[in-house]
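So that you can tell them apart, the chains are marked A, B, C and D in the order they are listed, and the count of residues begins at 1 in each.
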Amino acid sequence: MELGFIGLGTMGVPMVLNLLKAGHRVKVWNRSSAPLDELARAGAQPVDSPALAAQAEVLISMLGDDVAIRSVFIDGKGLDGLAAGSVHVNMSTVSVALAKEFAALHAERDVAYVSAPVLGRVDVAAAGNLNILASGPAQALARVQPLFDVLGRKTWPFGECAELACVAKLSANLMIAAAIESMAQASTLASGYGISRATFIEMITSTLFPVPVYQGYGQLMINKHFEPAGFKLSLGLKDIRLALEAGEVAQVPLPFASVLKDNLLDGMAHGQGDQDWASLSEVSARRAGSR
Amino acid sequence: MELGFIGLGTMGVPMVLNLLKAGHRVKVWNRSSAPLDELARAGAQPVDSPALAAQAEVLISMLGDDVAIRSVFIDGKGLDGLAAGSVHVNMSTVSVALAKEFAALHAERDVAYVSAPVLGRVDVAAAGNLNILASGPAQALARVQPLFDVLGRKTWPFGECAELACVAKLSANLMIAAAIESMAQASTLASGYGISRATFIEMITSTLFPVPVYQGYGQLMINKHFEPAGFKLSLGLKDIRLALEAGEVAQVPLPFASVLKDNLLDGMAHGQGDQDWASLSEVSARRAGSR
Amino acid sequence: MELGFIGLGTMGVPMVLNLLKAGHRVKVWNRSSAPLDELARAGAQPVDSPALAAQAEVLISMLGDDVAIRSVFIDGKGLDGLAAGSVHVNMSTVSVALAKEFAALHAERDVAYVSAPVLGRVDVAAAGNLNILASGPAQALARVQPLFDVLGRKTWPFGECAELACVAKLSANLMIAAAIESMAQASTLASGYGISRATFIEMITSTLFPVPVYQGYGQLMINKHFEPAGFKLSLGLKDIRLALEAGEVAQVPLPFASVLKDNLLDGMAHGQGDQDWASLSEVSARRAGSR
Amino acid sequence: MELGFIGLGTMGVPMVLNLLKAGHRVKVWNRSSAPLDELARAGAQPVDSPALAAQAEVLISMLGDDVAIRSVFIDGKGLDGLAAGSVHVNMSTVSVALAKEFAALHAERDVAYVSAPVLGRVDVAAAGNLNILASGPAQALARVQPLFDVLGRKTWPFGECAELACVAKLSANLMIAAAIESMAQASTLASGYGISRATFIEMITSTLFPVPVYQGYGQLMINKHFEPAGFKLSLGLKDIRLALEAGEVAQVPLPFASVLKDNLLDGMAHGQGDQDWASLSEVSARRAGSR
């Protein structure tokens, strides 16, 4: 397929490489040019503007947040490159509001807008094993399924409305955050009695919670290995804010998200914004007098 | 070994059967006599009082809560049966306060008191695959390790003080409760946008959280299969209260436990006390106008 | 003085009447024309657009929220009417973000922008007894002080930056909301033991809290007199959201505001959006099984 | 009347002086003998045991907490001094559980047990202006009303069951704590924008909240005058715990009390236990990076 791809960060690059390996032609654009050389060597075609990348059968975008999306597609005129009849697959984690707005903007241009945020970090993306949460017009979903099959191990459909996959992704992120926070609080409680955080976390992640989410963040807490961040606390705050906003629109109280937001702000106020959000354990410890 | 065993509920019975199979002699006592016949047929020796069961090299108790423990060992004079030099292994989930008090009461009688609450439900107990969280005098722990090897797949030592294993167990239960609650809230958020609870829970327990805690409680939420309860909401409230009490003594704020307590009380007030605590999803749904 | 006044709701009308009584000339504009006749009879001069009202020495605006402000000043071109050297006094309760943005937009036009939200309801406004929270350029504040002296009993200065008075106002509203919520929870606790809400509230508002905030909302709770609303629950939710947003920017955790937001959403989800926010007592009662 | 009075702390002494002034004969007992001389000079009769003080028509007790009450009446045998037909008026703030238990213990001895906790600090007690929250058998309440008229300005009856006045008192204390905490959070939010805590608190306690609770604690926050404590943070934690326990029995979620408990524990963990509980402002400030 003729593809465009915008957003060549740590996730975007391996995704493009997989698409090239599968035989697709990919025009690529990125704000900074650093990743372009590697991709060009692998067969991608760098272009000079978002609108040029958008001139494709299917455009995929993988950007950091609403601000980046707006900057590229509205201010940077990316939208204008999309041809009637094409599909834009936005794999970024964005707000419910942006998904609704973009679905309407694309519909005006007769372009199908698909939300397809993913579960999985860089290594999972490289292995083509992402879980893809997708929503959008049924026909468009069917059309891009072969691309999802290249990028991921499974696609989870959530319906026709663009915001549904975003809601599912934000709900999933809320559960990750709650898992981190619950381990932070529980291990601080153990600590308060002199049980080392390591002893407790190793037990709990070997017995009840032997999955990467708990094991990975547990190891970071044990080793206080918060920098460089796998996922920055400041980005965690953004995702929890988006979940709370989604909850507000749908009138769903989310008291765990509220606690998380307060604790993430506590972390921000103590200079932890660039640390991995596993450092929620430090917030918990600090409140308990640094046990 | 000559053993006594007090508390023949759903967990106690398979544990005694495993001890008998391993060649130990076991005197058994229970408040109601229902389970005694089965165990007698399997070779156990029913006795008429807690104190008679306590006349053993090692006494194991597996009772429901602090109230049951006090009723058997203080009011029911179980303590008086323990001979100097013996070991009492309390495998019940009890409060930090009770563990400290019992450690002292046993020390006065020159009896070693070991806390050994477990992770795992009935089927795990039957298979001898429990995870045993243990604390108490090192010598006593060493002496009962062969029994732990019969009952469990692994023993996790937490130190010399009796309360430490209790703290670890309460911390673990807090994490289970938080896992349930986070799934309840996240799936209610998804529901608020028309995504069925089943669709969201199946996705999340197949991807990020593919472990029995999430999968089991997730299925209960999907099917609203809350009765008969695997673990009653009213008992969940008790465990969260014990975690909060432990936090108070050690001056550790536990905001997730606070949210859980409020939501469990909301459940109690709506007649959910005898339901499985997976019905926290109903509390969440009700607050959101029953999505 | 030559004044313009935009926003003739329940607060705006008595404020304009007071300004007229004090001898000022006031051009008035409102989205709906209903209030114009009364004000014209009292000497005000109705005009046909926001921009015409803005052609004055001092323009005062008293609108419902950020959306109304933007609609009038940006989309409705109100900004374009402001002459260099004039002052715009915005007495609406708006977000910190809007205050910052508007301060900059006005500075570009060489117009001084003053934030001056008020404490007090309609009767207080009519009596000219408002408390006015003000921030903005010192010279502009001095220039409009005679107007504040007409409208209010006291002006509380918070500094030069436009957002400061907004922050003070949002902080004050948070305290009102917390007062309501604390009375709701405490009286529900009393209710849970069979003490009527009226008995408890009458005691507490006669002893520790004998002030209109508690007494007024207490009476509404006692009589379940939630409609017509003095201040709608949906507007309360908006104000709490603005406080939380302000907290997020300044990295200040606000756990009471978080609880309030969750409870206000619970109210929204149960059809209480148009009720007075005193009906937070119903949320509390409902969670306790409707005591 | 022949009275006994147990508990001669800062509140008890002026109360006894008022009773003497009104012409009553008062036998007094206290754990430490320090206050006895002053009271003897004023006409009171010091006695050597709680049981001797209890030999009276009406016994009044004013002790610190459940522990002190139990120590005096159970371990110290105070209960044994009470004659059939007499009345015990317990003016201490105690738990719901203790009130129920004591009502039963007194009924067995044919002694009427009245709960009568008070609102007001030392100066209010000295002026005989306490607000007295009372519950107990109607006949007993009528009998002691003349004493309440000496000690207080008004008696608020809550019914026949001993625990009802306790619940009302704990609910009132919850509202005081919430008032402090709301002022702490709101002024920290203002602080986060550079508005001094003093500026905000002076405004809010002059406008919306011009009552001693807010004004007094507000001044303590402004001056960081937390020692010596008027009311210790550790005692505040105890009262909030009692409110939460009362809520748990009646199945009433109390999310503000939950936030308070977590913040009070944060204070305890930072060595603020002996400070006035107005220092909740420091907890709030610390979480925000010490604004």
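The criterion applied here is as follows: contacts are C-beta pairs under 8 Å (C-beta built on N, C-alpha and C of every residue); 3 or more make two chains touch, one makes a residue touch a chain.
Here the structure is a predicted model, which is why all the values come from computation and not from measurement.
*Asks:* Please tell me whether C-D or B-C has the greater number of C-beta pairs in contact.
*Replies:* C-D
*Asks:* Given that subunit A is a copy of subunit B, what angle of rotation, in degrees and a multiple of 5, matches their CA positions?
*Replies:* The superposition gives an angle of 180 degrees.
*Asks:* Pick from A-D, B-D or A-B: which interface has over half of its contact pairs in common with A-C?
*Replies:* Interface equivalent to A-C, from the options A-D, B-D or A-B: B-D.
*Asks:* Determine, using the mean of C-alpha atoms as each chain's centre, which chain is farthest from subunit D.
*Replies:* Ranked by distance of C-alpha centres from subunit D, the top chain is A.
*Asks:* Quick one: subunit C and subunit D, Cα centre-to-centre, how many Å?
*Replies:* 38
*Asks:* Could you please state the distance in Å, as a whole number, between where the Cα atoms of subunit B are centred and where those of subunit D are centred?
*Replies:* It comes to 38 Å between the two C-alpha centres.
*Asks:* What whole-Å value do you get for the distance between subunit B and subunit C if each is reduced to the mean of its CA atoms?
*Replies:* 53
*Asks:* Enumerate the residues of subunit D that touch no fewer than two other chains.
*Replies:* 247, 251-255, 259, 262-263, 265-266, 269, 287-289
*Asks:* Looking at the complex, which residues from subunit D come into contact with subunit B?
*Replies:* Within the complex, subunit D contacts subunit B at residues 237, 241, 244, 247-248, 251-255, 258-259, 261-263, 265-266, 268-269.
*Asks:* List the residues on subunit B that touch subunit A in their complex, please.
*Replies:* 96, 119, 131, 133, 154, 156, 158-159, 161, 163-164, 167-168, 170-172, 174-176, 178-179, 181-183, 185-195, 199-200, 203-204, 206-211, 213, 243, 246-247, 250-257, 259, 262-263, 284, 287-289, 291
*Asks:* Which of the residues in subunit C end up touching subunit B in this complex?
*Replies:* So the residues of subunit C touching subunit B come out as 255, 262, 265-266, 269-271, 287-289.
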